[in-house]
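Some structures are shown below for you to check.
What follows is a pair of complexes built around subunit A, which joins subunit B in one and subunit C in the other.
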Partner chain A sequence: MSLSGDAGWLALRALVAAPGRSLALSAALGIAFGMPALTLSAAARAQQALQHRARETPVVIGAPGDTFDLAFAAMHFRPGGTRPLPWATLEQLAAPGVLLAPMHVVHTADGAPVVGTAPEYFEARSLVAERGRLPAVVGEAVAGASAARVRGLQVGHTLRSDLEALHDLSGEAPLTLTITGILEHTGTSDDNALFTDVRTAWALDGRLHGHGSLRADETLPGTTRAHAYGSGAVLPADTRPDALGAFHLHGGLAEQPLTAIVAFPKAPRDRDLLLDRIASADGIRAVRPDRVVSELLAIGHRVRDGLLVFLGLVGTATLALVALCLDLSRRLRAEETALLRRLGAHPMLVPRMHAIESATLIGLGLAFAALMTAAADTALAQAMTP
Partner chain B sequence: MTAVSIRDLTLRRPGRAGFALQISRWDVPRGARVAIRGPSGCGKSTLLSLISGELEASAGSISVLGSPIGAMDSAARSAFRLRHVGLVPQGDTLLPWLRVRDNVLLPYRLGPALQRDPAALARADQLLSALGMDHLHDARAARLSAGESQRVAIARALVTQPSVLLADEPTSALDTGSAERVLHAIDALCAAQGTTALIATHDPVVVAAMPATVDMAGIIGGSP
Partner chain C sequence: MTPLLAILTGCVSSPPSSAVPEPTASVSVVAGSVTVHHLAERIGAGQPWELSLLPPVDADPGTWRPDAAAVSATQAADLILLNGAGYERWVTTTALPATRVVRTADGVPPLQTGRRTHSHGSDGAHSHGDVDPHTWMDPRAYETQAVAVHAALSRLPGADSTALDAALHALRDQLGQLDADLQAAAPVPAPPMASNHPSFGHLGRRLGLSIVSLDIDPAVPPDAGTMADIHDWAASGEMPVMLWEAQPSAAVMDALPATVVHLTLDPLEHPRPGRGYAHAEQAQTNVAALRSISRRRAPAESHRMGAGGGGR
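Here is the complex of A and B:
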C-alpha cells in the first residue's frame, strides 16, 4: 500500500474508534456548510413560487389602498386590508380583449378561504374539476385539491362557513356549502381555497338572502355569464327549500362589493389599453403583481443577504471551533504521533494522516449538509406547494 | 562484526552547561543480547535513543550495522530504524484505537521503507502466543493492562525480524514471574532471529535473565 493508503487506513481507524466525536464534528461542519445553502435554496424556492403566481396574475384591479394587500388578496386569497370595489366597475371595464374575473374574498369555511368568483376565473387559470363539477348555483362550492385533501372533502359533502363574530346575533348566519367538485392539483394557492359563485360570497355577507320560497329553476334578475351560474339561486340543504322563494339581493347588483377584479388581457396591447382606462378612472387603481412581487423580493433579498452574512459569521465561528477541536484532539494524541515517529514512520505519514482525517470529516460534513439541504428542500417544497 | 559501534560520542543538552552523555568507545557485537544496567537517570534511555537515531549526537559517531547514523538525514534515519531496528519504548507504547494484532503489524503501515511481508500476520500471531497474548489478538489496545501493552509492544518490535532490538525497561509493568517468562521469550526469539538485543533496565530480574550485562557506568566516559 502507498504512503497515502497507509495514512488513510490509520486516519479512518482513528475516526471510527471515536464515532461520537467524528459524527459531532461532521454534524457541526454540515450545519455550518448547509445553513447558507439551505437559506439560498429556500429563498430561491419562495421567489420562484411568488414570481410564478405573479406572472399568472397579470393585472389586479381594486379600490385605492395598500398595494401589497390588494395583490396578495387576489393572488393568495388573504382577506382583509382591502377596501371593497363595486360590481359596477367590472361592467365599466368590460372589453373584448380582456377577461375580467370578479373576486370576493372575505369569508372562510373550516379555515379555508371562500373565494366568490365567476367562470372567467376558472377559464383564465385553466382550473378544471378532477371530480364532480364546478359550482352552478348559490350555495355550491368547488374545493381546491389541498383544501379537499386536508379536510377529507368529497363531492356531495357539506361544510359550514366560519362565523365572523360569534357574539353578534344580528350578524350573518353561517351558511352550509355543498361541495360539487374537487379541482385538479395545480401547485398554487388555488389548491387551498374553496370557490363559489360570487353571489354565494354575497350570501355569506348577508347581502343575498331569502324570506320566502324560491323555485329551484328561478334565475336571479340581472345576471349575466360574468356573474351568474345559469339556472337558479338555491340555498344549500340546511336552508328550508320553501324559504328560497324570496331569495334576493339587498341593494342593486351594481353596488355589490368585490375585493378585487383580476384582469387577464389577451395581448400586451389589451393590457395597456386597460391600464390607461383605469388610470383615467376615479376610485379604482390597477396593480401589476409581478412588479409588487419584485418590490417584495428586493426587500427579501436584503433580508436574505443580511441572513447570509450572519450565517457566514456563525459558520466561520463553527469552523474555527471545529479547527480548535481538531487541534485539541491532535494535542491530546501527541504521544501517539510521537510513537509513530519513534518507530520510524515516514516524515510525511503523520501530516497526511491528519490531512485525511480533516478531509474525511469535511467530506462527511458536506454529505451531511447535502442530505440536510435536500431533506429541508423537499420539506419546503411540500410546505410551499399547497 | 559489530551491530553497534560508538566513538567519541558527546550529547549536550540544549541550554544547559555540561554533558548529558559522553561515551568514548563502545562496541556491541552482532547477535549479542545485553542488559544495560544502571540507576534511573544515568542515561540508559538516552543511549538507546541515540542508537536508534531519535536523538542526534552533538559530536562523535554511532554506527549501526556498519551504517553511520549521524550521516543520515531525518527521513533516512526513520527508514533505517523502521527497516533494521525494533523499538520497545517506555510509557504508552500502543495506539489505543487499534486492535492488538493491528498494533503488532503497525510497522508495516508506517512507510515504504518496510516492504509488505505475507508471512507477517502469521509471525505476529506466533509472537503474541509466545508472549502469552494469544487470547487477545482482536482486543482493542485501549483495554489492555500496562503489562499486556508491554508484551504487545515487544511483539511489534520483533515482528519485522529486526537486526537490532532496543528495549527500554520492557518489563517494568510485569510481575516477577511474568517478567521472567517474557524475557526468556525475548532471548529465545532474538537468538532464533540473530537479533542483537540491548535492554535498558534497573531490574535485577532482567539482568539475571539476559546472557550478558554491562553497567552504564562502564559505558559512559562523562557525567550524565
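Here is the complex of A and C:
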C-alpha cells in the first residue's frame, strides 16, 4: 500500500475508533460554516419577498401616522396602527392615470384578516377567482388560496366574523360571510386574507346595517324582533338578499372610514402627479412602500452584517477549539505514533495521517453545513410563502 | 343619434335595453337608471362605446336588486353612471368599483324629506335623513346631472369632445326651455299642494311651490289617520291641489274632500308604455297639467265673485 493509502487508512480508523468525537467535531465545524451561509440566505429571501410586495404596491395613502404601520398594514393586512381617512379622500384623488383601491383592514374572521376593498384591487393585482366569483354584495367574501386551504373553505361555505370585544354585549354584531370564490395562489399576503367589498367591512363596523329582519327562530320564546333589537344584544347581522334592501349607512358615503388607499399609477408621471397632489393636501400623506422597505432593509442589512461579524468570531473560536481538540488527540496518541516510527514507518506517515484526519473532519463539516443550510432554506421558503 | 338629429327629432330616445351588460374589450358605460341612461344616450350619441341600462326599464328602483351576474358584468364597466341621491338603493349593498362610479346628482343640493330616529348597538339614538332622489323633476338639477355625465363621458377613451360638447349644449338649451315653460305654468299665488308620494319635491323647490307629501295609495282610500291629515291640509287654503304619480281611483277621489283638485303628473321615472323615454316630451305633459291649475282657478275666481265654491 502506498504512503497516502496507509495514512488515509490509519486516519479513517482513528476517526471511526472515536465516533462521538468525530461527529461532535464535524458538527461543530458544520455549524461554524453553515450559520453565516444560512444568515445570508434568509436575509436574501426576506429581502426578495419584501421588495417584491413593495414593488407591487406603488403608493399607499393614509392618515398621518407611522409610515411603517401604514405601508405594512396595506401590503400585508396587519390590522391596527393606522388612523382612518374618509372615503371622500378617494373620490378627491381619483384621476384617469391612477387606479385607486380602498382598504379597510380592521376585522378578522376565523383569524384571517378581512380586507374590505373594491374591484379595483383585484384588477390592479390581477387577482382572479380560481373557483367561484368575486364578491358582488354585502356579506360575500372571496378567500385567498392559503386562507381557504387552512380552513377547508369551499365556495358556498359561510364564516362568522370574529368578535372584537366578547365582554361588550352592546358591541357590533358578527356578520356571516358567504364564500363566493377562492382566489388563485399568488405567493403573497393576498393568499392569507379574506376579501370583501368595503361595504361589508362597514357592515362589520356596524356603520351599514338593516333593521327588524330577524327570523322567528332567531328570537327567544316570548320575545319579538323589537325586543331583540331593543336589547342591544349582539345578534348575527342578516345579509340575506331580501334583508339587504333595508340596509343603510350611518352618515354619508363621503365620511365612511378607510384604513388606507392603495394607488396603482399607470405610469411614473401619473405617480408623480398623484404624489404632488397629496403633498399639497391636508390630513393625508403618501408613502412609497419600496422606499419604506428599503429603509427597513438598510436596518436589516446592518443587523445582518453585525450578525455575520459575530458568527465569524464564533466560527473562528470554533475552528480554534477544533484545532485544539485535534492537537490534544495528537498528543494523546504520541506514544502510538512514536511506536510506528520505531517500527520503521515512513517519517511522513504520521503527519500525513493527521492532515488527512483533519481534512476529513473539515469535509464532513462542510457537508453537514450544506445539508443544514439546504434544509433550513427550504423550511424558510415554506414559512415565508403564504 | 347625432346631436343635430336629436334636436330635430325632439330628442326622443329609443327604448333603453335592459339586458345585463356583457363585459367586452370595447369601452362600456352602464347606467343605473332610466333618467341617467337618457342623459348618457343624448350626450354620448354617436360615441364609440356601448351604453346599457342595468335595471329593467320598468323596474322599481326602491326594490329592484341586480343579481350576481349583473353585478360582475357591471364591475367590469369603464363607467357606471348613477342618479345618486339615494335613488338606486341597491348600490348601498353592492360591490361596485370605487372610482368608476359617477353619482350624477352629487352636484344637486339635497332635498331632505324627513328623518327617522332609532337606536341600536352602543351608539345610542341617531337619525337617518331621507333625501328626495327625484332630481330630474327639476330641469336645472337635471342639467347639473347632464354636466356631470358630460364630464364623465369626456374622460373615456375615444371620446369626441366636440360632439359631446354640442350634444350637451343642445340638451341644456332644451332643459332651459323646459324650465321656462314650467316657471310660466306654475300657479301664482300657489294653492295648497300635496302629493301622494314624495316625488315632486325637486319640482316644487324649483317652482317655489310647497308640496306636502301625504303618502296615499292611488288605488286604496286613505285610512282615518291620513284622512285627518288630508282634511287639515285641504282646509289650509282655497282650491287645494293633490298631485298624483298615477291616476287615482274613483273611490280614492270620492274619499277626499270635494274641494281638492286632482292632478296627475308624470314622475318621469319610466317611459310611457310602448314608447321610448323622452324626458322633455313627458315633462311637457306636466307643464300642461300645471297650466290647468291656473285655468281652473280663473273660472273659480270669477265663480266665487258670483257664487263662491271650488271643484275638482
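We adopt the following convention: the second predicted complex is superposed on the first by the 350 of 386 C-alpha atoms of A that agree within 3 Å, B and C clash if a C-alpha of one lies under 4 Å from a C-alpha of the other, contacts with A are read in each partner's own complex, and residues count from 1 in each chain.
Basically, contacts are C-beta pairs under 8 Å (C-beta built on N, C-alpha and C of every residue); 3 or more make two chains touch, one makes a residue touch a chain.
On a predicted model such as this, the values are computed, not experimentally measured, just so you know.
Undergrad: Mind working out whether A:Glu120 is in touch with subunit B, subunit C, both or neither, as first, second, both or neither?
TA: The answer is second: A:Glu120 touches subunit C but not subunit B.
Undergrad: Under the stated touch criterion, which partner chain does A:Ala267 make contact with: subunit B (first), subunit C (second), both, or neither?
TA: A:Ala267 contacts neither subunit B nor subunit C.
Undergrad: Can you tell me whether subunit B or subunit C touches more residues on subunit A?
TA: C
Undergrad: Give one of first, second, both or neither to describe whether A:Trp9 is in contact with subunit B, with subunit C, with both, or with none.
TA: In the superposed model, A:Trp9 contacts subunit B only, not subunit C.
Undergrad: Contacts for A:Pro347 in the overlay, against subunit B (first) and subunit C (second): which applies, first, second, both or neither?
TA: Once the two structures are laid over each other on A, A:Pro347 reaches subunit B alone.
Undergrad: A:Glu335 in the overlay: touching subunit B, subunit C, both, or neither? Say first, second, both or neither.
TA: Only subunit B; A:Glu335 stays clear of subunit C.
Undergrad: For A:Ala323, decide between first (touching subunit B), second (touching subunit C), both and neither.
TA: Touch status of A:Ala323: no partner.
Undergrad: Which of the residues in subunit A come into contact with subunit B in the complex?
TA: Spelled out, the residues of subunit A in touch with subunit B are 1-3, 6, 9-10, 13-14, 17-18, 335-336, 339-347, 349.
Undergrad: Quick check on the complex: what are the subunit B residues that touch subunit A?
TA: 52, 54, 74-75, 78-83, 85, 87, 89, 91-98, 102, 106-107, 109-114, 116, 140, 156
Undergrad: Which stretch or stretches of subunit C touch subunit A in the complex?
TA: My answer: residues 62-63, 65-66, 68, 71-72, 75, 89-90, 92-99, 118, 120-123, 126, 128, 155.
Undergrad: If we count contacts the way the header does, which residues on subunit A are in touch with subunit C in the complex?
TA: My answer: residues 90-91, 94, 96, 99-102, 118-120, 133-138, 140, 168, 170-173, 180, 197-199, 206, 208-209, 211, 229-230, 232, 239, 241, 244-245, 247-250.
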